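In what comes next, subunit A is part of two complexes: it sits with subunit B in the first one and with subunit C in the second one.
What follows is the complex of A and B.
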C-alpha cells in the first residue's frame, strides 16, 4: 500500500475582513485551509493578535498583569501607544469599561471622546468593545461609530437584541462589527443571516463567546472548530466569517491566573493558542508576553 | 476504515449453517461490521481469510501501552479528527525529559519533583505521567546506572532514549518488565533492534526524518510481528508538528493506512529553548493528536496549565461534565455570607463560581446534582424543583451554616421561586440575575445578610 499524503483542499475560503485604514490596515481571514495548515492551503493573513486597552484604570488586576501597564494604566492614549510601540501590537482592542451602567456609567459622548483621542494617538486598527449591556452598548457604539466615521473600527459586541441599531450605524459610518451569539453555532448562523439582510458579510466577524482554560475552554474550542468546518468543509457561506475570541478578560479573572505571573501568562497563552487552533482569526489578549509567545510559535 | 457488511460477506463460507447464532452468513457479516459479533463465532472461516478480516477490522489507530500497573499509559484507538465529532479517547502522556548527565542524586530529586506534580480537579487527578531518560552522556554504563536508579525510584512508565542501540537495549533489559518505550528505532537500527524488541517485549518508539521513513520502519516491524509502536515523525517545530500529526491521523482514519496507524509522540523540549514556548507548543500538540508529549518542564506554574488543558481537550463532549454535589465554600464564607444555588453542570458551576470569586464576596455555592443538565431543563425534569432543593438544604445542613435565611436562585428559574416559598416558609427566596456575569454586580449591590 503506497503512501500518498492525504491533503484536503476546500474549494471555498473564509471571508477576508479588512480592519482599520492606511498603511497599518490589517486583514484577517481569507484562508482556505484549517488553522496553521500551510502544507495544504493558503493562509494569506496571520491571525490578528490584539492587545487590550481599558478606557479606565483597571481594578482588581493581579500585579503581574498590571505591571506592564503600570505607568500608563490611567491614560488610555499612553496605554495604547505603549502597546504599539513597545509591545508590537498590530491591532488594539479598546474596552469601554467606563460605560458600564453598573460602574461609572460614563455617557456615550465621553466614551466616544476617549476613542477619538486614542485613534489620534495610534494608527493601528482598533477593535472597540462595549460592556455587553445591550441597551447601553447600543447608545455608546452608535456614538463611537458616528464620531469616528470612516475609521473602519471593529465594533462589538453586537447581539440579537441590539444588532439592528448598531449595524445600521456601522454601515452608515464605515465600520465592521463583531456579531456575538452565546456558545451555539446555530445561533451564530441565525444572527449572521439576520445581519446579512442589510449588512455586508465581508464586514462581519463572529464571536461565539469565549471562556478560559479550566472554565469551559473546550466548549468554546469545539464551537469555533465546528463553525469553521461548517464554513470550509460544508461550504456554508453564513459560517465563513472570521472568528473573534476575547481571551484576556476571561483568563485574567480566574484564580489560577491570579496565583502567579508565570501561570497567569501561560493560562492566557494556552487559551489563546487553543482558540487559534480551533480557527479563531482574531484574539484579544492582555499580557504582552502571551502575545509574544503565541506569535513566536505560530509564525512560519 | 471500517469494513462494510457486503465486503465481509464475500469472504464467508456462505453455507448458512447457523452455528454462529445467525440465521445466515449475511446476517453474521452485518453483525460483524457493526461490532455485534466476533470472528471467533464462525468455526468455518478459512484461516487466511480470518487473518485478513482481522486486520481489516482492527481499529485504525493501534492501542499501545507503555509501562505497567496503575501508572501505565494507554494511548491510541482514536476515532475522530475533531473532538466534537465524538470525543478524543485516550489522554496523551506528558513526559519529562531527564539527561543522564545529571548525577544520581539529581535524578532522584527530579523524580521527586515530578511526583509532586499531581493535582486534584473536580474529582480527577491531573499528573505528569512519564519519565524520559536520555543518554546525553553517550556513555553506556552511566545510562544503564541512571535507568536502574530511576526505575527503582518511580512507578511511572519510562521512555529510554539512546542513539546507541546496544546501550538502549542494555538499559531496556534492566527494566523490561516495566514495558519501557525504547527510542529511537530508525531505518538504520531497525534490523538490529527487531530481535531485541521481540525478546524483551517492549514497545518501540519509531523515529523517521520523514513520514516515508517512518512507514518503512513500522512496516518492517509489523512484518516481524511488532505492532506496539509509537511514531515520532521528527517534527522540528510546532508547524511541522501540526502538519505531521494531522497527516498521520488522517492517513490512519480516512485512508485506513496501517503503517501510520499508531499513536504518536513529539518533543517540544527540542523544538524551543524558552520554557514558555515549549509549554505552549506542548499544549498545541496535545490538541493536534500527539500521543506522548516530551517536555523538560518540572515547574508547577508551567506544568499545571498544561495538565488542565489536556483534561479540558480530552473531556467527552457527548457527556455533560459534572461536578460533585455539595456546598462549595468560596473565599472562606462565614455565617453572614450569601447562599446561592445552581446545578452541577460543570460549565454552570465554573461560570457561577468564577463570578462569585470575581465579586470578592465570600459565599456558599450549593451545587445540586441534576445529572449535569442546566437549570431550566433540570427544573422541567424534576431534578431542580422546590422539593428537590429543600431536600438538598436539609441533607447538607445549610441552615446550620448561616444565621440568615436567604437563598439566591438562578434568575431564569422564576417558577422555582414560588415552589421554594411553599417548601421553605422560613426562607426568603431571592431571584438572582439571569446571567452569571451579572452576579458580581448583584452581590455587591443587593446582598445584605
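What follows is the complex of A and C.
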C-alpha cells in the first residue's frame, strides 16, 4: 500500500485583509494552513513587507541605518518615494514620531498634513502608526483617518484604552486597524471581541507586540504561533486576524545592531524571517537591505 | 462536596482591621454568616503574621470558637502561628498548608500528628509548581511518603493540586482536572481540596462567581472532595446542596459535548454552558468569554 502522509486540514482560514487601493492594493492573510505548510492548504498571499518612514528626522540612529536615507531623512515625502522607487517597497509604514508627547509633541493637524503629502507622493498601501501614547494617538489617528478618508490605511496601534474612538473613525472613513495587545493571546482575543461589536473583523490586523533576537524574540514567536493555532486548529473566529510585527524599531534598538552595519542588517532580517516562520503576515522593516534579504528568501 | 468558608481572611480590609484591633464584632458577623450558609469548615487565613504570630492566631481561634462549633482550617505560612492555633482548637482542625518544600517538611509537616489535625498538602515542591498532571503526581507521591513516615495516614491528608487562574494559564486548569482523577489511585483514602476562588483571579469581578461555581460542579463530577469557597455565594451553596439539578445536568452535558440547543436556554443557563466550554479548554479564554 502506498504511504499517505498525514495531513492537517483546517475548515477555516485567516481573514484576508486588503490594504490600500487601486492597482497597488495588497492583500495579506487568507491562508488556511500554518506558515510554509503549502502541502496542507493554500497560502494565497505572500507576507507583506513594509519599509518604515519617519515623519521627522530620526535622532540617535546608528550611521548605517541612517545612511540609506541620509539625503531624504528630513523630508518624509522624498523618503517615502525613495523607499518605493529605489528600494522596491510595496508597502510603507509611516511612523508619526513627531507626535510623541515626550518629544516634539506635534499637533494632530500637522501630522495629518504630512500623511496627506506622503499619500500624494506614493501610491503604495500605507500603514500609519502613532507612538503608542493612548490619548495622543487617539487624537492623531482620528485626524489622519478623517483627512485621508477613503484611503484604506492600516491605522495603529489601537489599544484597550483608545480602541473605541480610533476604530469608530476608521470605520467612518474606510480604514483598517492594528489591534495591539501585549504578549497575551487572551488579551488579543478580548480586544478583538470588543472591536467586533461594531467593527468589521476583516479590517483588523493583530499586533501581539514584537521583540528582537536576543531580547525576547522567542516570546513573540510563541505568541504569534499560538494565535495562528487558536485561529486555525481551534477554529476560534476571534483569532483569525492576520498578524503584524513591528520588527525594525525593535532590532535597531539593540546593542548588536548599533555595533556594525552587517550585524544590524542580519539582526533585523533574522528577526523578521523568524516571525514569518511563526506565521506573521505583515512586517515593518527599517533597513532596505533587510527588506531585500527577506524578499529574496520569501519570493519563490 | 465539603465546603470550607474562605471569608475570614486578612486580605479583607474589615477582617484585617478587626484582627489588628482585636475587635470581635466583625469576626462574629463573618463567622455566623458563613455558618448559617452551611459551611462545613471555616478557613482562618491570617497570612504570614509577621507581628505577634502566636497571640494573633490564639485570639482569632478563641474568638471564632465563641461563635461557632464548626471545625477550623488554619491558614498561615507561619509555623509559630499555626502551632499556637492548633493547640486550642476544640475540633479536629486542618493545617493549611504544607508542601513538599524542604522548609515545609521541617516546620509544618510535623504539626498535624502532634495535634491530631488533618493536613492540607500541596503539590508544590522545591522546584516550584509542577507544570502538568504527571509532574503533580510525582511531586505529591514524594510528599505523601514523607508524611506517612511522620505518622500521618492518607485519611488525614487533603491533597491540594493548586488551582491556577484561568486568565494566567488555561492549560493549567485542564491539568488540574486530569490530576484530580488520578488521586484515588495515587493516594487511596486521601481527599482533594482546592482554593476555588483562585480560578477566577483577575477575571471581571461580577463574573468571578460564575467561573467558580461552574468549575465546582465540574470537579465534583471528577471526584473532588472539598473546596475552599466564598461562604456567601448562595448560588454556589445551592448548587452544592443539589438544589439546582437542571444546571448541574446542563454543565455535565456541556462537558460531554452533547448537543445543547443554546437558543432554548435562559440567559443564566447559556452563561453556564459557555463557561463550561471555556473551562474545558475548548475555546480560548478571554475576560469577555460570555460575549461570544
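The rule is short, and it goes like this: the second predicted complex is superposed on the first by the 297 of 300 C-alpha atoms of A that agree within 3 Å, B and C clash if a C-alpha of one lies under 4 Å from a C-alpha of the other, contacts with A are read in each partner's own complex, and residues count from 1 in each chain.
Keep in mind that, in the parts below, contacts are C-beta pairs under 8 Å (C-beta built on N, C-alpha and C of every residue); 3 or more make two chains touch, one makes a residue touch a chain.
On a predicted model such as this, the values are computed, not experimentally measured, just so you know.
Undergrad: Looking at the overlay on subunit A, is there a clash between subunit B and subunit C, or do the two fit?
TA: Taken together on subunit A, subunit C would fit alongside subunit B, as the superposition shows.
Undergrad: For A:193, using the defined touch cut-off, is the partner it touches subunit B, subunit C, both, or neither? Pick first, second, both or neither.
TA: In the superposition, A:193 touches subunit C alone.
Undergrad: After the superposition on A, what does A:263 contact: first (subunit B), second (subunit C), both or neither?
TA: first
Undergrad: Contacts for A:234 in the overlay, against subunit B (first) and subunit C (second): which applies, first, second, both or neither?
TA: Touch status of A:234: second partner only.
Undergrad: Between subunit B and subunit C, which makes contact with more of the residues in subunit A?
TA: Between subunit B and subunit C, the winner on subunit A residue contacts is B.
Undergrad: If we overlay the two complexes on their shared chain A, which of subunit B and subunit C does A:213 touch? Say first, second, both or neither.
TA: So A:213 only meets subunit B here.
Undergrad: Would you please give the vertex angle at the Cα centre of subunit A, with arms pointing to the Cα centres of subunit B and subunit C, as a multiple of 10°?
TA: Superposed on A, the angle at subunit A reads 60 degrees.
Undergrad: After the two structures are laid over each other on chain A, how near do the C-alpha atoms of subunit B and subunit C get, in Å?
TA: Minimum C-alpha separation, subunit B to subunit C: 8 Å.
Undergrad: In their shared complex, at which residues does subunit C touch subunit A?
TA: Residue positions touching the partner: 167, 170, 282-288, 291-292.
Undergrad: Which positions of subunit A touch subunit C when the two form their complex?
TA: 185-187, 189-190, 193-194, 197, 230, 234, 236, 238-239
Undergrad: Would you tell me which residues of subunit B are touching subunit A in their complex?
TA: Within the complex, subunit B contacts subunit A at residues 82-84, 121, 211-212, 215, 237-239, 242-243, 246-247, 250-251, 254-255, 257-260, 272, 274, 276-277, 279-281, 283-284, 287-288, 299-302, 304-306, 308-309, 312-313, 315, 317, 346-347, 350-351, 354, 357-358, 360, 437-438, 441, 445.
Undergrad: For a test of understanding, state which residues of subunit A touch subunit B in their complex under the given definition.
TA: Going by the criterion above, the answer is residues 1, 3, 5-6, 8, 36-39, 60, 102, 132, 211, 213-219, 221-222, 225-226, 229, 253-256, 259-260, 262-263, 265-267, 269-270, 273-274, 277, 289, 293-294, 296-298, 300.
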